[in-house]
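The structures come next, written out as structure tokens.
After this come two complexes, each holding chain A, first together with chain B and then together with chain C.
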Partner chain A sequence: MRNFKTTALLLTVPASLVAIGLYAAPILQVLALSLTEPKFGLANYQSLFANAAVGRVVMTTLKVSVMTTVLTVLASYIVAFAIIHMSAGWRRISLFLVLVPFWISVLVRAFSWITILRRRGVLNSALMEMGVISTPLDLVYNLFGVTIGMIHYMMPFAILLLYANLSDIDRRIMQAARSLGARPATIFWRVWLPLSLPGIALATLFVFVFSLGFLVTPALLGAGKTLMIAEYISVQISSTSRWDLATSLSTMLLLVVGIIVFAAMRSPALRAAFVARPQQ
Partner chain B sequence: MTISHFAKDAAEIALEKFNRGEIDRRSFLIALGGLGLAAAFKPGVARADASEIVVCNWGGAAADAFAKAYGDPFTKKSGMKVVIDGAGPAVGTIRAMVESGKVIWDATDGGMIDSLTLGKGNLVEKIDYTIVDKSQVPENFAGEFGVSNYVYSNVLAYDADATKGAAPTGWADFFDTAKFPGKRTMCKWIQGQLEFVLMADGVAPADLYPLDVDRAFKKLKPMLADIIFWEGGAQTQQLFREGEVVMGNIWHTRANLLNKETPDKFKWIWEQNILSASAWSVPKGNPAGKKVFDFINSTLDPAGQLVLLQIMGNGPSNPKTLALMTPADALVNPTTKENAASQIMLNPAYYAEHETELQNKYLDFISS
Partner chain C sequence: MKPRRIIEVGLPRLLAWCLLGFLFVPILVVIPVALTDRDYLSLPQDGVSMQHFAALADWSKGWLPSMLTSAGIALACAAIATALGVAFAVGAWAAGGWWPSLMRILLLSPMIVPPIIYAVGMVKLWARLSLLDSYTGVVLVHVVLALPLTVLAIGASLSNLDQRLVQAARSLGARPMTVFGKVILPNIVPGVAAGALLAFVASWDEITVTLFITGRAVVTLPRRIWTSIQDAVDPALAAIATVLLVVTVLALVARALIEHRQQRQKF
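So, the complex of A and B:
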């Protein structure tokens, strides 16, 4: 047994080396640059907090991320909840449809949304032809378009996380609730929802952390007006050569995400999501 | 800009035309020769070698077309191979390369502004004007650290259908939504943006620099909701084609392409156009040494610059090219006398000093 454990541990060495070499080392390099560019010290972090423009970029990022997270988790919960109640055949088809967007590049998806949402796009044309609106709505190149694009990107992840959690819930509890006279709404609010909190917490954390780092979607669908952290960092690296700003902001983002994940992991709901369930 | 957004776009235009079969392989290669991109394309990372010239540009996608073309005039004349690395010579990349002592590029395709920034950082060689013939280009195109081989302009393009045939007469009309209702587009990269806003606000061309940023922002603020900001040339064509905007500040090369597509619909005016110049720079410690200047000198040749104009629309830096142009060429060229009548020149020295700060202020302004 001991031998087996040692072998298993050794087998993880190559992957760890790759991860350290290609992931951890460059991150440390970024961290180092943030402390040494242009000279050694914490000055970059001081100016980061004094920089009102960075503050606005952070606020935009938070606003978009929170909106994306709330709407994604809500919509995904509905879809996942519907899927677990389907027959096996429909469930397979539905899960397949959920997976389809995974195979389409984020760029293509952003451009598709532009085609749908632009002033003479599919949606505006349809609404105008039906007489619902008389002038086209501004659905893209703004915060609204960015949020739509991001929700679309994040939903498959959230649906799968919630689906895994929901399908693990023991259905006999619902039968018991029903036999004790609970109405469907009561069963949902007092049985389904509390039992699915770990899944909701996990999906929320995942979507939120992911949203903080979005680059392509806001850049394309926001057309310069919705500036989020990742795009700001990318401009500072390649366009303005403000490596001091870029590296210190990257490090802060990493730190904040680390703290969020660490804090979230201590919550009972997320602990439950990761703790192995007792065998039934 | 430390990324040459325009140079990148010019290469995209050539590739698109080549892919559509609008230009043949030979013209394509000659055009790229004018850009300094001819001769050979070796995919992958270029290796430093004193027997070849490694040129870094923004058009790496043209690998196939370059692969077999070893017959470039420069190679014929000098026997030296020219290798193209499409990695994109951003100032940051050049800096990293020079500081680590691993320079693999001999000549980089950037703007006049980049050459000044690089020169200030002591990252590039001085242009050797004992080899490069300074008299081929106007004085302000032959900088200490960069020499120009093409030029381009920011112009006011418009959708004549949307304006019901009325033509704008200057940048002031960009702001006149009563006369020309509809959305506008301008670039999210700062070069050539505040200049037009200030001219629209009545600032005389001679008084543009230093740019009065607050005045420009004040003028722009009420318009922000009606402006879509573009970041690449292809996008500007897209925005006009889809009817998303009726007017915009775009590169003359893209305005020309739009006009070729739909001559009666998409037009542009040369009034108050804003001219920028490219520049070759030579990273410090370049592998080919002095030989790179022979190559750079060959790109100032009028014949090559004319083909560049015909294929991609980039204006020549060598005024002698004007004499070779047909009337049709002259019509779309930013340095033609009539087109340049009310032209202003982007001030590279000002940008080398202030661009970073200005760009960040501008991004903050348009996103808040």
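So, the complex of A and C:
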């Protein structure tokens, strides 16, 4: 009896050592460095909050993340809701259209958007040939381009989350509502929407947290002009070597993400949605 | 259809198809750009050309070495992450208790914690251990980032496994390693395979942390693509994007066909 449990626990040791030594330790070191680089104390955080450049970066990050989250969840809900009402054949086609962008490299997607949106890109050329505009529009390397790219990146995640959640809802409730004389709009607002709130909350949480610390798409589609936190941190470690700034900003980001996830997990409905997910 | 029905059902459905188009169509733009006859990023002007696909196979252009580098790193990562993930998931499932639960949270946290924070930590750690820009360094980081996926995939397989199977084997006198190797493992093969595949893809695609811990010696495919996007000149970039797109589509179609056949066999 004891022998079996000991063997089972021993099996968990190698992965645990990797997680502690190669994940927990380096991240704890980031936290430690933010308090000790260059000397011990909270001075880094004082200068962080006084730093106007950091303030601008934080505001940009919040603006892009909130816009991305709201638009992504809204658009994804519309798609997921339509998919669960389709026939099996159309549903397969729709899910295929979601899964291709889901699996394809984020770099390929960023590159596609640059090709479409840049000044001599596909969209500007087409609009100019049609005579809609006479000078090319600035569609990328700004807030607009970053937000479009982020929404495009986040939507497949959100659609799959919402689709799983909506598929779990018992359709007999809608039948009951209909047989009691509720109109389609009433059924949506009074039955579908309240029942899918846990899924919406989960999708919102994931998209917002991913957006806050996202590097690739903002860096490529913002090209240094629309600067978000992750790219700002990357500049501090790779070109200016400001470890004080990089580590204290990383710590703040980790703290914010931790608080959001912790607060969300206190809600029983959300915890249930999160825990139930891997079993599907 | 009545006007009310058009607004309540037709309009949202139309909107959904437009949004699906927004997800899928922009990716297709890489195909015509890859076929351009010019040597800068552009749509084909006077006919199509395959020269940029040929450039991918040219060793001196760097794309082929990067593909091999990424494939090698991804294979090593998948092997290590799967071995660690199987041992952990099976052990945690059989043992239970606070320690496996705590370690599970730690192992899964790379899915939520922004990778840029991990990158900051790893640059410091690898600099101290002289593992910056080394294959070992990249593989180990990719293993950490792939472990959540293998643990989740194998955990999903285990949640369908009947605990009584293990009890039966033990009551018949099977030794612990026999139970793990001959009773549990054969029953979770699909989960293990899914975990290995996810680990391979995670490593093959990883860019955020790799960007900071590699330099000139280890140039993975995502890293080369990243540099190439910033230069925004070479159409070979569109060619490699097209290749990745085609492979993704083929893999998804193959999976759909296999699932379809399995479902038909059931009935």
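Simple rule for what comes next: the second predicted complex is superposed on the first by the 249 of 280 C-alpha atoms of A that agree within 3 Å, B and C clash if a C-alpha of one lies under 4 Å from a C-alpha of the other, contacts with A are read in each partner's own complex, and residues count from 1 in each chain.
In this text, contacts are C-beta pairs under 8 Å (C-beta built on N, C-alpha and C of every residue); 3 or more make two chains touch, one makes a residue touch a chain.
Being a predicted model, the structure only gives us computed values, none of them experimental.
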First, second, both or neither for A:97, with chain B first and chain C second: second
After superposition on the shared chain, which partner residues are touched by A:139: those of chain B (first), chain C (second), both, or neither? neither
Given the touch rule stated above, what does A:27 touch, chain B (first), chain C (second), both, or neither? second
Just checking: does A:224 make contact with chain B only, chain C only, both, or neither of them? Give me first, second, both or neither. first
State whether A:154 touches chain B only (first), chain C only (second), both chains, or neither. neither
Which superposed partner A:238 touches (first chain B, second chain C, both, neither): both
Of chain B and chain C, the chain that contacts the larger number of chain A residues: C
Touch test for A:60: chain B only (first), chain C only (second), both, or neither? first
Going by the contact rule set out at the top, does A:12 touch chain B (first), chain C (second), both, or neither? second
Between chain B (first) and chain C (second), which does A:110 come into contact with in this model arrangement: first, second, both, or neither? second
Footprint intersection on chain A (chain B / chain C) at 118, 237-238, 243
Within their complex, chain B touches chain A through residues 1-3, 90-92, 95, 117, 183, 188-189, 224, 228-231, 242-244, 355-356, 359-361, 363-364, 366-368
The answer for chain C against chain A in the complex is residues 5, 8-9, 12-13, 15-17, 19-24, 26-27, 29-30, 33, 41, 43, 84-85, 87-88, 90-92, 94-95, 97, 99-100, 103, 106-107, 109-110, 112-125, 140-141, 143-144, 147, 151-152, 155-156, 159, 170, 176-177, 179-180, 201, 205, 207-208, 211-212, 222, 225-226, 229-230, 232, 237-238, 241, 244-245, 248-249, 251-252, 256
Listed in rising order, the residues of chain A that touch chain B in the complex are 52-53, 56-57, 60, 118-120, 141, 219, 223-227, 232, 235-243
List the residues on chain A that touch chain C in their complex, please. 3-5, 7-12, 14-16, 18-20, 22-27, 29-30, 33, 75, 78-79, 81-83, 85, 92, 94, 96-101, 103-116, 118, 122, 125, 152, 155-156, 184-185, 209, 212-216, 220, 229-230, 233-234, 237-238, 243, 246-247, 250, 253-254, 257, 261, 278-279
